[in-house]
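Each of the next two complexes has subunit A plus one more chain, namely subunit B in the first and subunit C in the second.
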Partner chain A sequence: MNELVNKLRQGNRRALARAMSSVGATGHAESSLEVCLRESTGQVPWWGFTGPPGVGKSTLLDALLVHLREHGRRVGVVAVDPTSTRSDGALLGDRVRMMRHAVDDGVFIRSLATHGHHGGLSDATLHCARLLELAGYDPVLIETVGVGQNEVEIRSVADLCVVVLGPGYGDDIQLVKAGLLEIADVVAVNKCDLPEAQRLVNEVRQEFAAAARDIEVVAIEAKSGNGVPELLQRLFELDRARRTETAEASRGRRRTLGEIRRRTEFSCRQALGRAMTGPEVEQWITKLNRGECSLATVISRLAALALAELQQEADDG
Partner chain B sequence: MRKLDQAGQQDLTSCTVDAHPPKRILIGKVGLDGHDRGAKFLIRALRDAGYEVIYTGIRRTPEQIVQTAIDEDVDVIGLSLLSGAHNQLFARVAELLKEEGVEDVVLLAGGTIPEKDVPYLEALGFRHVFTPGAPVSEILSALQQELSSRE
Partner chain C sequence: MNELVNKLRQGNRRALARAMSSVGATGHAESSLEVCLRESTGQVPWWGFTGPPGVGKSTLLDALLVHLREHGRRVGVVAVDPTSTRSDGALLGDRVRMMRHAVDDGVFIRSLATHGHHGGLSDATLHCARLLELAGYDPVLIETVGVGQNEVEIRSVADLCVVVLGPGYGDDIQLVKAGLLEIADVVAVNKCDLPEAQRLVNEVRQEFAAAARDIEVVAIEAKSGNGVPELLQRLFELDRARRTETAEASRGRRRTLGEIRRRTEFSCRQALGRAMTGPEVEQWITKLNRGECSLATVISRLAALALAELQQEADDG
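Let's turn to the complex of A and B:
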């Protein structure tokens, strides 16, 4: 363990890569590495990037990496793509946009799949980001999957949320409704080389004005890099405010709370899933259909079953 | 792999995690070769077969391929080349992997590769070489076999 942590701190990339694979996403008893990570990280703010599919999040990260490197930063990236709905497989395509940084010693990129987790992030995200922090990467950038509606979980993980929007997504107003703008610390309107983009910039600014929120809306072209230095300046300003001691304390609390929530939800769902496929279910169906019991009874029995199983697991672990 | 149950159970049971997480495979294209139809065809087939696929895109250096494979901690590296430069470029990838001490990764090769070059590539460590017309089923079962023999 200590040896692994030493290797990580010395910048051993293979050790880092291996450690990232070792996350206990199955809800098993956590490893000593996970405990150590929770203890020894929390100083570095994580920057989250979210927005609709194909809006240019990865391309923006690629451009930001160039400038962050010019500022002498060593940068870690966790990029999440969706697990297929048809198989357990996934195309992890974010990295294709960032390949020019592949052999840069000061950049470490890791691709993750959502693994049936529906919050736009993967269970391994937190683990990988913490490892990057431990290995001395600062800042850590997190790209979520292309979000649709209420997948705003990034807010509980990242210290700074960049919402990326772009023209041509007819449902932008729906995104506004679904709370995507609510989680933004900055909005980057990408693809401003396209004609409809300026209108979108104005619309989003009006939206914030109406809500009396002072959120900057930056017009960018991730592909050419236009506007990206301005966005980065804004991010540095916000980042500075997050490096105070109080910010650090609340960061530790928020990350752990998010972790508790995700893991608890995950374990409960799993246990419930097993209870739902257990042998008792058939009897309950029959009883319900005959009017011999109420749905509330069934719910409480199944929940109790799941709970007992969780308790058993904890005792065994 | 994942159960697709009826009756709305899918949401719950789909959360039941396999003891074995999906294997990770990198599909890479080295050199100036721009033929990417085969590689793109393959990454979809692999995803649908349950693999997590990292695609590098075209025109990468052997160094980029190897560093990416290390950082992503992949189980398999598959290289695709149709330009004819496979002997040199694939040898460089194999050499770099050796330098980095990466020995436990399955190496696969594919593309327009003449029969006479196959023994050379095999000697470099490539476990299989697939040429135009190779059925996907054959590729997938060879891969499966390689991986299960390493469990």
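Let's turn to the complex of A and C:
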């Protein structure tokens, strides 16, 4: 175990790739590595990047990697893998645009496959980001597609959240914006060579002004790199400000808190799911549909069933 | 109450709009209207439409409305409203393209604002769709933006699920596809005047073939209406097939089951949130970060707290 941790701290890429694959052991039992990671990380900032599909998040990350390397930073990236198959290595399946950094020893990119699962993604993200931190990568960049509930997930994992927007989503952009702007620390509007993007910049600025929220909106063009240094400066500033505001330890605590919450939610959902398959449920539906019992009663009984189930499981496990 | 239900059955638009606004009473207590709706609906098919932002879902719905009206159908639409403000009427805030149907008495369009909330959306959707069904609209069309967990939501509400895809999402389309194709009964690929869309049609067909899933992929061009009659025919066919396969009552049962599950999970999440603010939690985190207790212990204790809270609350309410 100590040997593994030493290898990881020295930045051994093979050990890192292997340790990343070890996450997601079934059930609640944690490996000693996971326990060790929780204890020994929490200092490095994690920056989350989210936005609607096709907005150019990978291109932006690619551009940021260039600048961060110029600043002498070693950078870790956790990206949701758009393909559902993945190799046990870290580099296959990565996005093509980022591939050129694969040969750079100062960059480690890990793709995570979603496999259509929910709930497990954040745990894997957390695990990989902690590993990257232990291996000396700073900062750690996390990329997810954000629409709907994903945005809540990234907020609970990342320290700073960059929302990437762009033109070309029709009416839906309003909906996407509504959810995403709530969680933004910085907004990057991509494709600012297009006039619609400039309109979007103004629109978002007005929305923040109306809500009296002091969030910077940076116009970028990820492909050419325009605006990317400005975005990076803003991220460094925000990091410094947060670092002086709060104690170092609080970052680790916040991550642990999020981890507990997500895992407990998952555990409750599974217990409720099992309770829902019980023979009583069919009868309850009949009664509910006839107006013979209330929804509140059903919820209370389901909660009781799930609780019993959970205790049973804890006793067994 | 009976008077209200009669008005609704007669298709009184003002009563309908008012009843739609009444949903979302806090807590578990249900109005007598909600109970009545659960008892008296479940026969009309609900078709869900989901897909990434900007793919053209509204344009498709607009085209479908034209054809459904030609078939003599009265059609209800529940659409997630891209604006966050809404009037108490049913028509303001609707998407511009669909507005021309607002003057048609055979169409009722309801926009639902998300307000950034999660969990509550499906309840409101269910309520409005049931109301539209009671008022004689058949079918009821439900439109949501689908990426990530939203797709699970629409699947638990709609009887048939149309996944709308289109070109132009870069690498992200792989990710979006992965989640969406799992829930599709039919796939409509929009913008098929573009060669990239035709490639997407072939790609999706190959994926279904490889997975031995018999899902039709329809090439459409929502703007011109090309392919929309074919899509509609497919939906009618699927509806007829399902209707003969399963008893009429099962639709209502399935909806109630989904309703129970979503409401219980939502309440459980809230109960967990309250449990997380308890004084024990800070101590647990300290212990966890020091490696003095296991994550499994914390999770099972918290889950027990949350479920007990949920049960208590449901009993009180």
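FYI, the second predicted complex is superposed on the first by the 241 of 317 C-alpha atoms of A that agree within 3 Å, B and C clash if a C-alpha of one lies under 4 Å from a C-alpha of the other, contacts with A are read in each partner's own complex, and residues count from 1 in each chain.
One rule holds in what follows: a residue touches a chain if its C-beta (ideal position, glycine included) is under 8 Å from a C-beta of that chain, and two chains touch if they have at least 3 such contacts.
Note that the coordinates shown come from a computational prediction; the quantities given were computed from them, not determined experimentally.
Visitor: Once the structures are superposed on A, label A:Pro52 by its partner contacts, choosing first (subunit B), second (subunit C), both or neither.
Guide: The answer is second: A:Pro52 touches subunit C but not subunit B.
Visitor: Looking at A:Arg269 after the superposition, I want to know if it touches subunit B, subunit C, both of them or none. Which is it: first, second, both, neither?
Guide: both
Visitor: Have a look at where A:Gly291 lands relative to subunit B and subunit C in the superposition and call it first, second, both or neither.
Guide: The answer is second: A:Gly291 touches subunit C but not subunit B.
Visitor: Could you look at A:Pro195 and tell me whether it touches subunit B, subunit C, both or neither (first, second, both, neither)?
Guide: A:Pro195: touches no partner chain.
Visitor: In the overlaid three-chain picture, which partner chain does A:Glu182 touch, first (subunit B) or second (subunit C), both, or neither?
Guide: A:Glu182 sits against subunit C, while subunit B stays out of touch.
Visitor: What is the contact status of A:Pro279 with respect to subunit B (first) and subunit C (second): first, second, both, or neither?
Guide: A:Pro279 contacts neither subunit B nor subunit C.
Visitor: Using the superposition on chain A described above, determine whether A:Arg110 touches subunit B (first), subunit C (second), both, or neither.
Guide: first
Visitor: Which subunit A residues contact subunit B in one complex and subunit C in the other?
Guide: 27, 84, 95-96, 115-116, 269, 272-273, 276
Visitor: So in the complex, which bits of subunit B are touching subunit A?
Guide: Listed in rising order, the residues of subunit B that touch subunit A are 1-2, 9, 12-19, 21-22, 43-44, 46-57, 60-61, 63-64, 67-68, 70-73, 100-102.
Visitor: Residues of subunit A touching subunit B in their complex?
Guide: Within the complex, subunit A contacts subunit B at residues 13-14, 16-18, 20-21, 25-27, 84, 86-93, 95-96, 99, 102-103, 108-111, 113, 115-116, 266, 269-270, 272-274, 276-277.
Visitor: Over in the complex, which subunit C residues touch subunit A? Could you list them?
Guide: Per the stated touch rule, the residues are 27-30, 35-36, 38-39, 42, 52-54, 56-58, 80-84, 95-96, 114-116, 118, 145-150, 152, 168-176, 178-179, 182, 252-253, 256-257, 259-261, 263-265, 267-269, 272, 276, 281, 284-285, 288-291, 294-296, 298-300, 302-304, 306-308, 310-311, 314-315, 317.
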